[in-house]
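Each of the two complexes below includes chain A, the first together with chain B, the second together with chain C.
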Partner chain A sequence: MNMKKIRRSLFSRTTLRAIVSITVFLILWEAGSRSKEWAGFTMPWIGLVPPPTSVLSVWWDLLGDTGYWQSWYLSLMRVLSGFVAAMVIGIPLGLLMAVSRTFNSITFPSFEILRPIPPLAWVPVAIIFWPTEELSIAFVTFLGAFFTVVINVLGGARSIDMRFYQSAQAMGSSQWDIFRRIVLPATVPSIVVGSSVGMGITWNVVVAAEMISGGGGGGGSGGGLGFFIWNSYVGGSYEQIVIGMISIGIAGYACSELLRGIGGFFTPWLRTR
Partner chain B sequence: MEQVERLLKRTLPFQVVSPETLDGIAEISRHEVFKAGEVIYGAGQPAEEVYVLVSGRVAHRIDPDIKARVHEKELQVGDVFGWAAILEGEKVRLADVACIEAAEVLKIDGARLLELLRKDVNFGEAALKSFSQLISQQYYLPPSVSERVPTTLSKVGDTRTPASNEAEPQTASAWTLTMYRAGEWLRSPDPYLMMVGFALMLGFWYLTVEVLKLPRFEDLPGLTTVVKEWFAEDPVYGMSIYTAEYYQHIWVSIRRVAIAFLLATALGVPLGLFLGWSRSFREYVFPVFELLRPIPILAWVPLAIIMFSGSETPVIFLTFLASFFATALNTMLGVESIDESYTRAACCLGANRWQVFKEVIVPGSMPYVFTGLQISVGVAWFSLVAGEMVSGQYGLGYVINTSYTMVRYPTIIIGMVTLGIVGYTTSAMVRVAGNYMMQWRLREMALGGR
Partner chain C sequence: MASAQHGAMAPITSKIAISAGEMIVSNVCKSYGTGLFEKKVVKDCSFNVERGKLTVMIGPSGCGKSTLIKLLAGFEKPTTGNILLNGKPVTGPGRDRLVVFQESALFPWMTSYDNIMYGPIARGEDDKKARDLAEFLLDKVGLRDFRSKYPMQLSGGMQRRAELARAMINNPEVMILDEPFRGLDAMSKELMWEYYSALYEESRRTTFFVTTDIDEALFLADRLIIMSNIPTRVRATIEVDIPRPRKLADFFLGDRANEVKMTALSLLHEEAMRSFAGGSKAAADFVESYARRSQRA
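The block that comes next holds the complex of A and B.
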């Protein structure tokens, strides 16, 4: 039964069209990149990008390179540390702001003043403040996810129907009961959404922070995927830039999917059959 | 007497008046009994009294010459009729009223009733307004009749008031509303707690950096240093509100964001609309879109530098790319959010594909489009900073980065705060524009009690 379903979706019109569209895209890319060899003139913009075939062949050689995998590992660890810190601090803070009106009135305006400053603008300050570059990258990564997580938790709590509180109070619930039975379950979906958005931002920030600060302690090609890209650019190996971009794309996508899976586990009532 | 008052209290126009006025009305009202089939009054007769039905059944038939949506009506106990007696202008009966069964009524002299209501400073106006509501909502008469109900504002004996008087107390001007809200806000604890929050944040900064000089914190630029530098006519590190350079950086950044944002909107909204509208278009285009989207915008930096010559275009391209994805995706979601039955209804009513697109798809997706535009402005600033920090000359991101390398630490903070302010202002502008263009939606939400 399940196999049949998979087979049907595999050979559906949608999949077919997706394959067609991606193939056309790759062919156009290849043709655009090789326009100099094939047609004798360089296409604007795309003509300067390495063609997919040579990207693939360089990637094949790179798969055995430990430095490349080291970059993956370093970036992943940074994302993870910043992200976990943002969740650990951001979720309780958001919940506290949602529960206590006074606390919200005190902190929210200050929070709103800091929020419009893009996380990357913090990079120099972070480098000045934190003793190691590793910590400063982690800090900026943390900031990227932190604001999103807090805002989402708060938004989720604010969209709770007033009547839920009122009926809970009418039936004699304590503050703790209201928090545990109403606020917490109602905010879980927005925590999930906030964390997956935050994860996307985190990858953005890590890449940029690695580019700006020069890749942390590792040096060489061991400074994370952002540094891998930047280093490839400086070294003139354009294929590796594209490889780096795709690698980050894959890593970011995998992280978001993982989070979605975990989120689905925590919000079983939202699962669609 | 008390019985009369209790009855009056149940009628629509009189339930709002003050007890004294109610007493007065009860005093001037007289009982009268009609037999079955008897005519109480006929259209065209002079109108002097207002009636309240106490018991029995009465048929009310409005003169066919008067434009009413419904002409015939059977009155219920507690209904008020004969209100022509208090209208301004010619006081003439507008309807034939006859008893179906034996009926008991209260007769109230119109002129004296008006006098009493005018004396009731607090509620008289409300009672008159409910008269005019009664006329338009229960007797289905057009505004030309209901607006003839006088208001207490007009002088006694004034025969005609301008129609605008009626609407004025209902719609407060935007300014009064704003002032009212500001007053409410000042009365709540919020602004003072907000001040406490700011004081805590700034105090923490000031204390840790400049007073206590805690390790690590002392390397950061302090609050007073930054403020002094920012507002100094002769800044130590070369940038303050008095230097032209400051505004040049702001201008360059804003220009880049504006170009990228406009370009992204001009391309992203139509693309998103088509993606949502046409299934086959989506199936062909969306996979490529999804393939490129997971790549962080900032990973495009080196490739953008390679692809575009100069230092200006790569930065704008990066900013554009970020905005573009946000706008296109949200627009597509907006189209998908439209209730299928709207499209079907339009098709049933004979709309062709283009009309459906223009009348249903575009307005229906607007709320999401504007959400997308707000996100798009935010990510535009986000990637602009990255682009400016890595490559490019001028711009606030560039200021932050060079100030770091040239050890002008207070300028970093000035750059950051300025970025925050400018970024916030631009998103607020988009939000205001969105709210302005979607007032129908705000109204809908207000009606829904949200």
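The block that comes next holds the complex of A and C.
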């Protein structure tokens, strides 16, 4: 009862702070952008950015625009397909590298040479390799998450406490049983961390890839949020540039929250800390 | 709290038929590395872990006791010499010799109950009998209300008790405990001694218990093995012929207990001085606290 009260007051205080933080940020932004009208001089940098009020009014008009939502949809699909592919291929690969010394010594050197190459350096090759532009973008997005996922899974599975293996083995566990009930659950927290870092990189990569490739098959204003920003820049709509940026922020945040939720579901023992 | 609960219950032997094993360690040497880099950790070590007795091994920190545990458990092989369990050489880890480690090795992703059931499930014995036994042991270690809690939600003492239960359900012939109560606060440590002692008295399972705490060693031991500094050898063996059941409240008031304690302390002091001369920080700490202890006595 008492704990609940404390928790509630704490919660409301953090919420309050979040509201204050965003409001102050918006007011400063508005003041900075309108410094020419209000104070008679243009503030450097921020003075050239459209104020939040006009961004909001342009945004309001965009809400009914299918092209804008099409950009959301395309970017989201590219992120998800690349990300899911990275998880599906990366998790087993990382586990296999952790479990088998032979497999690890064969794959790890090539893996380590490919890993430092920035995903965007793959763009030309990807365009040559894949038949459609859509696939090229998805592939580059996949690379963004793939290496991070593998390295996290590998590291997580490698750092399992020796005593867990020893106890399990002494209690009569078979190799497969140890893998299923020790290695797998012990690696889940690293998989969660790897996937949330990977998700962040995926958004970075997809936006850049869309700008470079010209937005894939959608064309026009339907080429993903990255292309949406680029197109707005070329078309001179500064408000839309800002809208595109904030949209990516919101989309990335939503994806992270979703992952946190899924991760929490798979790691109930960490929720109790 | 634990011991009060425990006193009212059916003894463990009513549920498990204890088959106590016997271990013989003869002329065991263990060294790591070879040639110039060879480091001898255990040197010509011989002792028995007697059937149905609680054998406590004590020695200065870093003297290679943990290495001996790894050898007895079968996680590592001795360089020379051999270790027998009931006359058969130990070749690897097995459920007949279970280890309770220094710090909790409970699986963090399993609840207390699932941790206890780990062994039976691993061997495909997840039947009613095993589940009944798990329930019984949960009661026995006073964790009935914490059955669906994760290890991180348990206190240090509860974790130790859960781990004891996890080992006991497999009914090992020899229990090996590696400083199991290290890191607990003084209060819960003494509670655990009484609790553990009663548990042992009930089952009389062969036990090999390693510690650095002299009071713990004395209170629990049937036989005390004092180890030398590294490379570790048996320095002395003392029979702690103090009748059971023992109670902590009056145990150290007895003459015999104090006599054994002073003998053990002076031997340990010699060993510690030796490793102190070798520059060991742990030994320096021991020498200091020993000086304080003997002033008080």
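Please note the rule applied: the second predicted complex is superposed on the first by the 253 of 273 C-alpha atoms of A that agree within 3 Å, B and C clash if a C-alpha of one lies under 4 Å from a C-alpha of the other, contacts with A are read in each partner's own complex, and residues count from 1 in each chain.
One rule holds for everything that comes next: a residue touches a chain if its C-beta (ideal position, glycine included) is under 8 Å from a C-beta of that chain, and two chains touch if they have at least 3 such contacts.
Everything quoted here is computed from the prediction, not taken from an experiment.
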Q: Return first, second, both or neither, reflecting whether A:A31 touches chain B, chain C, both chains, or no partner chain.
A: neither
(Q) A:V99 in the overlay: touching chain B, chain C, both, or neither? Say first, second, both or neither. (A) neither
Q.
Looking at A:I89, would you say it contacts chain B, chain C, both, or neither? Reply first, second, both or neither.
A. neither
Q: Would you check which partner chain A:T107 touches, where first means chain B only, second means chain C only, and both and neither mean what they say?
A: first
Q. Which partner does A:V58 contact after superposing on A: first (chain B), second (chain C), both, neither?
A. neither
(Q) Looking at A:R163 after the superposition, I want to know if it touches chain B, chain C, both of them or none. Which is it: first, second, both, neither? (A) second
Q) Quick one: chain B or chain C, who's touching more of chain A? A) B
Q. Can you list the residues of chain A that touch chain B in one structure and chain C in the other?
A. none
Q. So in the complex, which bits of chain A are touching chain C?
A. 161, 163-164, 166-174, 177, 181-182, 185-186, 188, 267-269, 272-273
Q) Can you list the residues on chain B that touch chain A in the complex? A) 189-190, 193-194, 196-198, 200-201, 216-217, 219-220, 280, 283-288, 291, 294-303, 305-308, 381-386, 389-390, 396-397, 400-401, 403-404, 409, 412-413, 415-417, 419-421, 423-424, 427
Q: Spell out the residues on chain C that touch chain A in their complex, using ranges where they run on.
A: 73-75, 93-95, 97-99, 101, 105, 107-110, 118-119, 121-123, 149-153, 166, 170
(Q) For a test of understanding, state which residues of chain A touch chain B in their complex under the given definition. (A) 13-14, 17-18, 20-22, 25, 45-46, 48-49, 102, 105-110, 113-114, 116-125, 127-131, 200, 203-205, 207-208, 211-212, 225-226, 229-230, 232-233, 238, 241-242, 244-246, 248-250, 252-253, 256
